[in-house]
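After this come two complexes, each holding subunit A, first together with subunit B and then together with subunit C.
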Partner chain A sequence: MQIRTWFGVFELTGDRIDSVELVPKDTDLITGLLLEEPLLMRGKVACTDLRDLAVEYGFVDSGDEYDRLLHELNIELVKKQMALAVTPDRQVIAAVEALDDINETTNILSERLKEWYMLNHGETRLRGVELANHILNTEYACGGQESISSFASSLIGLYETRSSIEKSLKDNMEALAPNLTNIAGYILGARLLSIAGSLEKLASMPSSTVQVLGANNALFKHLKGKAPSPKHGVIFRHPFINSAPKKLRGKIARAVASKISIAVRYDCYSGQLRKEFEGELEAKVTGIRKKNFPKPGKSRY
Partner chain B sequence: MNELELSGTGLDNVFTIELNGSKRIITKSLVTAASGEKIIRSGSEEYRIWNPFHSKLAAILLKNAVIPLMKDSAVLYLGAANGTTVSHVSDIVPDGTVYGVEFSPRAMQDLIHVSTRRTNLIPILADAMQPGSYRNIVPEVDIIYQDVAQREQARIAVRNGEMFLKKGGFLVLIIKSRSIDVNRKTRDVAACEIKLLEGYFEILGFIDLEPFHSGHVAVLAKRT
Partner chain C sequence: MQIRTWFGVFELTGDRIDSVELVPKDTDLITGLLLEEPLLMRGKVACTDLRDLAVEYGFVDSGDEYDRLLHELNIELVKKQMALAVTPDRQVIAAVEALDDINETTNILSERLKEWYMLNHGETRLRGVELANHILNTEYACGGQESISSFASSLIGLYETRSSIEKSLKDNMEALAPNLTNIAGYILGARLLSIAGSLEKLASMPSSTVQVLGANNALFKHLKGKAPSPKHGVIFRHPFINSAPKKLRGKIARAVASKISIAVRYDCYSGQLRKEFEGELEAKVTGIRKKNFPKPGKSRY
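Presenting the complex of A and B:
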């Protein structure tokens, strides 16, 4: 009979140990094995406690070392299990929420920088990152103005952080939800995931719910208390919708939401990119626009 | 610092003390307290104050229940949460082991911190409803302490008891009445849960945790 323990594999005949193959004393390796197989970590083999066997066969020098190692191993095991539990959708949700915070912050700081600059230099049409760069490039720093240039370089740092988050968000969204990203774009897609809570939750929502996601302050928890709740769902930031004539937006939103729902279900349950979704949605939206605004001259009379 | 007057409680490493006119329960620190913890020193020893409003076990002990925790006990703790109570159990059993099962990754984050400094505390990320998933880690234990605040509490106790509790071993089961049936009174729910335990455990009694934890009852039982 074979008994597989966390520090070695025992071959037994009845209660007699024939051989032991010890595992290397490497926490990382052993926790890796434990993730795959529930190796025995307590109790007896051949009527002898594992702790005593580990000493007897030279895996450890003492019972104390055994206890310490076993303790450390359990903690490492739990840490690994937790790392595995950090799913890709939780990553993109954290990233898009961080982006929202950074956007809000850079807006406030840009305004402040501009006011500060105008105090000494009068009107300027530069703003944001351009103004910050201008300040740094014109050696504005000389003459006791270190504070404003340090402020400007912090702002530039934030813009750089934002680009790097955006870039990784884009990559992660394309890997996690290619169809959603294709239809909604990676920012709007990630935002929908953030409001829904997870890919699976978004996939299980009816498209009528997807259409209004974010319209309700309670749902849009991230911005709660920071901004007035949007009247429409976040989906209204989709270019097909916000570029449409006002009276068509509801209709188009329904079409977009319905395609997003289908796209997310593919992402959640199949993972295959269905390129044709994009064209189908475009055709649908064009149809809606045509039907409601026929070419002038034809339908008037 | 002068010697304080500690009174024994019948449990190793657990004492009560008069502090500003009120009775406090404390455990002798197994490891030096983390920053932010409320401690008192007496002689060369450090003791951690145990808040009965935050910990149901402290409340149970203040109500003079007898729980056979020995300094070398093996304890299976189900619903270890962020480790508040678990850390005191670890103080009580310096020569034993506490196996803390918790399924919420968020809570486990904190529990890992508590465990890292305490070699007698083993954190386990698992669902207590599936005791088979930690069967390779947990040996036969002397005591099961369960505080999971969810439905099916009795079933969890029975499954874990059968798998891990030695004959004659002790069960402390915290029943949160609201998490089973909002409409029934605490006592009724407890009585009903107790029925489910019969056949596996001999019920020794139950303790109402008012005023420390309203809506909670502790069931004390022994494995038959």
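Presenting the complex of A and C:
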């Protein structure tokens, strides 16, 4: 008979141990094995406690070491299991947060590149990736210019990374939350997920919360009675809202948030794409615009 | 006879214009020509005003266009002349500012890379360039991992750019300000130049100002009477100061600032390296340390 324990494999005949094949004392390796198959971690083999066997067969020097090792192992194991339990929404959230950081850093670096370039070459209308490409395509013979070229190519690398992340974010969002993506777009959708923390959390939020997600400062100011309630948080980036006349933005933001709420619930609990949501929202927004700005010449009543 | 004007070359016999070779109507090109040789920009050729000649020979359609073009040209010219007047200290300042931006962005991005990596692989002790290299060296077969690899290689690109800038900064600083570099190191020296604005400005500052350069907030707080005077600004990064016992830092900062001041003045007005400054400062600092912490067993008096 064979008994597979966490520190080695025992071959038994009845209650007699014939041989033991010990595992290397490497927590990384052992947790890897434990994730693949369940190994005996406590109990007895041939009427002897595992702890004593480990000492007897020389896997550890003492019972204390055994306890310490087992403790470490359990922590490692939980960490690895957590990592494996990474849900697609957490992947999407990680990607959109990385995207935000890249946007911030490319802004900083492209401003700097422009200033640096202008110091040597005077005014330019180029910026960002265009300026970086221009610098790389121009001959730089004189000293000290390797630095600015290297700077420019780093910046181009970041822009390429941004495209790569955006592409995979788009694919993942379409798979994870097709309705949300359809209504809000993949970037805004991912950003909402990132603020809410997970797809399930976003789905459980009332649409009035979705409407002001990301407007924390304005919301707290309002709750302290110092300001009117915010009309929109990050959903302001939705084209329906930011292209609307200022006095309609609140109303349209409510309509968009409400449709996003429904879309997210479908994504979370059914997963089916309901293409009609898009048309419904469009009709609703058109309605709001018409009602508030009736065409000239027509009476409102 | 040949008369070279800003919009073309006139061939004359006496007062008669034989031929004109017009320049293409491109301000960029014309300013380039003007930087190479002085061309006639106002006055008369063959008793006719340049403005009228330009219309007559079809370089411009009207006198108005001529005025507008000449105006643009002058602005461009001044910009280009300014760019050419870039002094080495402005190059150094641009480089150290770029370095600061790179440090900031690599910090942001390496934190993000670590978080992203840990989401999929659990805890890691690696960080920064090590983690990025580890990610690139590990096989990533599963989807969505191209993004994180691309992110990692962008980060490595930024670290390489940093090394390149640091290298050229070191060379330039040694050429521009050998004494400052000798006393303060090239990074701290460049940072002082960057805050002061130029080598000449730094050289004209009293050493008490050099001592608190970069400690603006603390200084203004002090000037409003709300805090003690700051003991040091960016010169705190000098190893003599940040390795000193806290109660001696003010005294040592004063000594370092005073030596930096003298060093910068030599750089600005003589340019000769005075190697002995380094030893003098060291002796001074050792003196301060000894006087305030006499060796145990020895009486102070």
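Methods note: the second predicted complex is superposed on the first by the 195 of 301 C-alpha atoms of A that agree within 3 Å, B and C clash if a C-alpha of one lies under 4 Å from a C-alpha of the other, contacts with A are read in each partner's own complex, and residues count from 1 in each chain.
Note that a residue touches a chain if its C-beta (ideal position, glycine included) is under 8 Å from a C-beta of that chain, and two chains touch if they have at least 3 such contacts.
Nothing here was measured: the structure is a model prediction, and the numbers come from that model.
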* Asked: Which partner does A:Val129 contact after superposing on A: first (subunit B), second (subunit C), both, neither?
  -> neither
* First, second, both or neither for A:Leu109, with subunit B first and subunit C second -> second
* Could you look at A:Met82 and tell me whether it touches subunit B, subunit C, both or neither (first, second, both, neither)? => both
* If you stack the two complexes on chain A, which partner ends up touching A:Leu39: first (subunit B), second (subunit C), both, or neither? -> first
* Asked: So, does A:Leu119 touch the first partner subunit B, the second partner subunit C, both, or neither?
  -> second
* Partner, of subunit C and subunit B, that touches more residues belonging to subunit A -> C
* To do: Please work out whether A:Asn74 is in contact with subunit B alone, subunit C alone, both, or neither, and reply first, second, both or neither.
  => first
* Find the residues of subunit A that appear in the contact set with subunit B and again in the contact set with subunit C. => 79, 82
* Structure fact -> Within the complex, subunit A is touched by subunit B residues 105, 108-109, 112, 115-116, 119, 121-125, 133, 135-139
* Structure fact -> Per the touch rule, the subunit C residues reaching subunit A in their complex are 76, 79-80, 82-83, 86, 90-91, 94-95, 97-98, 101-102, 104-105, 108-109, 112-113, 115-116, 118-123, 143-144, 146-147, 150-151, 153-154, 157-158, 160-161, 164-165, 167-169, 171-172
* Tell me, which parts of subunit A touch subunit B in their complex? -> 38-43, 67-68, 70-71, 74-75, 78-79, 81-82, 85
